[in-house]
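Next up is a structure, given as structure tokens.
As written, the chain order gives the labels A, B, C and D, with residue 1 at the start of each chain.
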Amino acid sequence: MMNNENFEPVIIGFTCNWCSYRAADLAGTARVKYPPNVRLIRLMCSGRMDPTFVLQAFAGGADGVLITGCHPGECHYLEQNLKALRRTMLLKRTVAQFGIEPERVRLVWASAAEGVHLAHMITDMVEEIRALGPLNWPQVAALNGNSHVPVLKKAATVSEEKVEVAA
Amino acid sequence: MMPQERIGVYICHCGSNIAGTVDVEELSSWAGEALRHRGVVVARDYKFMCSSLGQDLIAKDIKEDKLTRVVVAACSPHLHEATFRKACADAGLNPYLCELVSIREQVSWVHTDKVAATAKAKAVISGGVERVIHHEPLEPMSVPINPATLVVGGGIAGIQAAMEIADSGFHVYLVEREPSIGGHMAQFDKTFPTLDCAACILTPKMVSIGSHPHVTLLTYSEVEQVDGYVGNFSVRVRKKASYVNHDVCTGCSICEEKCPKKVVDSVFEAGLGYRKAIYRPFPQAVPKYPVIDAENCIYFDTGKCKACEIHCEAGAIDFEQEDQIIELNVGNIILATGYDLFDARRETQYGYGRLANVFTSLEFERLTNAAGPTNGEIVLRDGETKPKAVGIIHCVGSRDRKFNNYCSVICCMQSLKFAHLVKERTGAEVYNFYIDMRTAYKEYDEFYQRVLSEGVHFIRGRVAEVTDVSNTPEEEERLVIQTEDTRMGKQRRIPVDMVILSAALEPRHDSDEIAHMFGISCSVNGWFIEKHPKLDPVATMTEGIFIAGCAQGPKDIPSTVTQGAAAAARVLGRIQQKELALEPIRAEVTEALCSGCRICNNLCPYHAITFDEAKEVSVINAALCQGCGTCVAACPSNAISGTQFSNEQVMAQLEGLLMLNMAEPVLA
Amino acid sequence: MNRIVNQPRGPTTQGRTFSEEVIAQTPGDDPRLSMCLQCGTCGGSCPSGADMDYSPRELFAMIDADMRGEVLSSNTPWYCVSCYYCMVRCPQDIHITDIMYTLKRMAIQEGFSQESNAKDAPDFSETFIDFVENYGRSFELGLATLYHLRHHPMNAMRMATGMGFDLFRRGRMNLLPTRIDNIDQLQAILAEAKAIGGNGDANL
Amino acid sequence: MQTYSYYPGCALERNAAVYHDSLMAVAESLDLTFTEVEDWNCCGATEYITIDLIPAYALVGRNLALAAEQNCNGRSLVAPCSACFLNLKKTDHYLAQSPELNRQVNQALAAGGLHYDPGSVHVKHLLEIVAEDVGFEKVARAVKRPLYGLKVAPYYGCLIVRPAFDGTFDDAEQPSSLDVLMRTIGAEVVDFPAKAQCCGGHMTQISEEVALHLIHQLLKNAVDHGADVIAAICPMCQLNLDAYQDAVNKHYGTDFHIPILYFTQLLGLAFGFGEATMGIGQELVDARPALANIQSKPLKPPRRKRPSKKELPMPPKLQEV
């Protein structure tokens, strides 16, 4: 067991163009400090978050993935953030099956006004991942060849469809 | 392998904003070296990239170094993406081949350790470089704009919007659910703060809309279906059967007079007065034709009566009339659907519905209206007794987490108006009970001062209850308002004869369905959401759909009219452009890959995806698509790609961020 | 009382403001004390509001101003009849009645309860729980008599000869409460509960 | 046949024994069975929580734990006393809300070998189950001797309708379930605007002045509206209105003698039980003169005075429960 205190996790964050990316901007404008472990990717909507991105992030060496979107009811695209919510729930289950702690995937709602909240959430997640230690994923090698990813994605999408029918 | 693209990387110091925390020189020399194998041919840092000198630097490199891609590491793309795209376009590079990555808001301003911040900035630039390689030159799309406009809702907001557009010479379809336009304003007697008569200022506008050559008035009608997209909506409207042939009706109103069926009018008279089964809501109704309310009509119930038909000399009554379906083609839509009044019976402690002399604000409007059920006499529910003391309660159903968390904006001023009218017309003692007095607008606080000077009592305290449980002889047979007078921290019980509840404005009960039909969204409280709360208050996230008036949130008449005019101005701007350029952030289906599973079809909030039964593939209407990318993420066959946010772009950025693109493996 | 309220009085020894302490010691997820609009619905709704030295609304302002002594020696919490009118009417959903119980506990703990003009109330509660702890059941009328014997001998006499006698005659009054079978178990639970700290931070 | 766990509470042991006895009698007519929680203890009323937080919750927690333990098939726990009902319900509610409180209370319960998972007992008030689970139709079928002509003021008091933890079953200000129930058994329900006001609770012991004021207000309101009898659903309410009526009269110079009966006693009378079985006579203000008003036939409804032409329409009433 390595000493987690000196471990600097790498976290990939997916942000929505309308709320959480702007929250990150606001955190900057307000000079709110948070640890430099998170690297953000801007999407138009959290609904764009493809489960493959998350698996690819883990395969590529990320220790955690943060997915952020507008609060329920405030989605720029009506309600696509709810789809992100469902996908995240399924994704947590899927990664667990692959031996990844589901805590490594975190969904956070942050409006464009919640720079401080987002910064707190990032800080909190960095600490949580630090405590978990580096991602130790035996399948990483296999996945690097990209062979499993489409299969996984299909599984997640199909079950999402089922959820929607059930809902 | 030789890189295919020639990439320029530009790092901004932003004065010391970035350079103070990030080693910018190190960044530029690193980018030039470590990313050379990815195609970076030039990497520079400069004090202010967004300055004209900075932009010139990029332009010069595009021309001289034949750059095919540009990455700028500076502030947030929300600030200067447009600036750098334009700089690239001016230098002859397709603007969408430029990527702006944020090392200010997301790096220098939020981190303190220079080494760590510089390392993160490298990852961010690396991600940008990888992403930009997969960018494609894009052209903005354009759609033609049908010059006709649909306005939904014939209150003052809709009337104003329709008027502005029609006066500019473009056609407007004005759809109204009730038999007459006029909305809530037509119910009022006086309007604050100037106390001009609502009918005097509203009816001329109603008349000119009713006879406007560029307005098609569709009253007693509701929108049933909306298809299409900005510039080219097709709308289905149901015009309910009025059982009166408008072509021959003269509006003489003899039918109303002769109709034997009296019904409580819960809409226009707010339940305080009656109408007939065949009726116009009020004498100045536009259009002037009556409608038969089939639910209450004796003929429709029993097959007998026909009093209206017998007395109609014009022969306008037509019991066989059926609902009419009207198809409209319009380029833009303005929703001005207004508000519902809070059902004050829900706040049981104020006794509305149980205690006869508790009135709602709308009931009181009708009570004071010279054309109302009492001809403007302020009397108790018995119809004759004048009150000696009147209590007016603010914030009923507003600023209350149990009902509506928001301030209804108009109630303070409306209550002051009521206080003035009661005082003026009855001389009664008037008590206003408020939490905070909100009179923030032109001439509003002056009106408060005026009402104060008229001797109205103001008690700061939200009323605990209105009760008929009396404790003293003075309270017998009266209504007692119990409150804490927070000015002195004492409980007070104030006996009055009449209580007026300034009830909250609420979203229309069916606002969710309306929003869904038009492809827009409602806030948590149920109001339509504007594109930007301050800078774009009448547009919505859906191109071509605009909102005005109380449908967007509670507001007074001046603000409502302003929004109606503003929405019209936005629509007119669109019409004048004749066609509209759209951001090319869209999803498209690669037909060869589509398996026809239809998973994407139901995911689209804008109904942009349809299924082509012949080809058995899904098709995306580019004008309807707003580019959220949900379908892209959901497609199990990877058949949908999102321009500017394609899988390749995101995956590449991911690899770059994780430094998987380094020639020498770097442990992130 | 000082005519000027000096602000800020600052955190207490436990590093918390008075307001934070009150919040922490009130059960439930969040009593929402900080949300008070000062609208007066609580003070207006209170059936015994006329007899309180401060309205609940005023107490909330005083808590915010860290006026610990003044708040804890107020009779207001002791005059609370637990009718919950304030709580259901409060437009901000503040758990007013629960906060009143918290203030009573704090007042007793910190020795303020004898300051108010409702200084007998804590004794009434103490007497009541003596019964509960010894018998597991309460003994409302016996309790009242005993309580009155301590504080208002005249009332007790009246109870005994008037209403109390009537109730007794109709078989509605016991001389002793029933004792539950497993009183040992109850006492063990209560002893442990007290050991945990009585006013332990419910919100921590 | 519906079966419930039953928590009588201390008052029903003696002072309010008639409430218990009359309930047991009418239960049979309504196909209800009650299984008393074995060895239950006092709920602490409003007193324990004044002194100590964790012990107060542990005290109620023991009852909930016992009920859960003895309640094998997920029955609801019924309390006929509003104070007991609220304490049980509130404890369950806050334990569920606050994990730390739950942990501490369960640590205390463990000292007695007990454990309670919040949410495992569903607490209901007696009136709630009669109005909702049994239903008015079933009550109507059990009526043998309708209370025609008896003018009843239905008195709810506070704690059954307030605070509204997870939504009460009736309005917090102007509840109506007891009104409908009383009409169902043939009684004439008088308008009683004070129906959910406070009886003073323990204020009789703290400040008699305050308590007498509240009791006076209730009695006056019921009498002003012509009530023969007040129907109560809580022993504390019954006691305060009944036992302090004399003191009110002395203090205010009034002459009230309005009997306060438990609603179960009135149900019993309507179901055909005798006055003695229903414990009539245990109340301090004798109910027998009022009960003599019961008629064998329904009274003709008073002729409604014709509204004047000028009269303005009233808003439609919200539906009663």
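Everything that follows uses one rule, which is that a residue touches a chain if its C-beta (ideal position, glycine included) is under 8 Å from a C-beta of that chain, and two chains touch if they have at least 3 such contacts.
Here the structure is a predicted model, which is why all the values come from computation and not from measurement.
A.B. asks: What are the mutual neighbours of chain C and chain D in this structure?
C.D. replies: Where chain C and chain D share a partner, that partner set is B.
A.B. asks: Comparing centres built from CA atoms, which chain ends up most distant from chain D?
C.D. replies: Of all chains, A has its centre farthest from that of chain D.
A.B. asks: For this structure, I'd like the pair of chains sharing the most C-beta contacts.
C.D. replies: Ranked by contacting C-beta pairs, first place goes to C-D.
A.B. asks: Cα centroid separation between chain A and chain D, in whole Å?
C.D. replies: Going by mean C-alpha positions, chain A sits 53 Å from chain D.
A.B. asks: Could you work out how far the Cα centre of chain A sits from that of chain B, in whole Å?
C.D. replies: 32
A.B. asks: When the C-alpha atoms of chain B and chain C are each averaged to a single point, how far apart are the two points in Å?
C.D. replies: So the centre of chain B lies 49 Å away from the centre of chain C.
A.B. asks: Find every residue in chain B that makes contact with two or more other chains and list them.
C.D. replies: Residue numbers touching two or more other chains: 349, 465.
A.B. asks: For chain A, write out the residues touching at least two other chains, lowest number first.
C.D. replies: Residue numbers touching two or more other chains: none in chain A.
A.B. asks: If I count partner chains per residue in chain C, which residues reach a count of at least 2?
C.D. replies: Residues 85 of chain C each touch two or more of the other chains.
A.B. asks: Please list each pair of chains that are touching.
C.D. replies: Chains touch in the following pairs: A-B, B-C, B-D, C-D.
A.B. asks: Can you tell me which positions in chain C touch chain B when the two form their complex?
C.D. replies: 37-46, 49-50, 54-55, 57-58, 85, 89, 91-93
A.B. asks: Spell out the residues on chain B that touch chain D in their complex, using ranges where they run on.
C.D. replies: Going through chain B, the ones touching chain D are 264, 271-274, 345-346, 348-349, 352-354, 356, 360, 373-374, 381-384, 465, 467-471.
A.B. asks: What part of chain B is in contact with chain C in the complex they form?
C.D. replies: Residues 349, 395, 399-402, 435, 460-465, 482-486, 489-492.
A.B. asks: So in the complex, which bits of chain A are touching chain B?
C.D. replies: Residues 10, 12, 21-22, 24-25, 27-29, 31-36, 39-45, 47-53, 56-57, 60-62, 73-80, 83, 87, 119, 150, 153-154, 157-158, 160-161, 164 of chain A touch chain B in their complex.
A.B. asks: Using the touch definition up top, name the residues of chain D that touch chain C in the complex.
C.D. replies: 10-11, 13-17, 39-42, 44-55, 57-59, 61-62, 93-94, 97-98, 100-101, 104-105, 107-114, 158-159, 162-164, 172-173, 197-198, 200-210, 214, 239, 243-244, 246-247, 281-284
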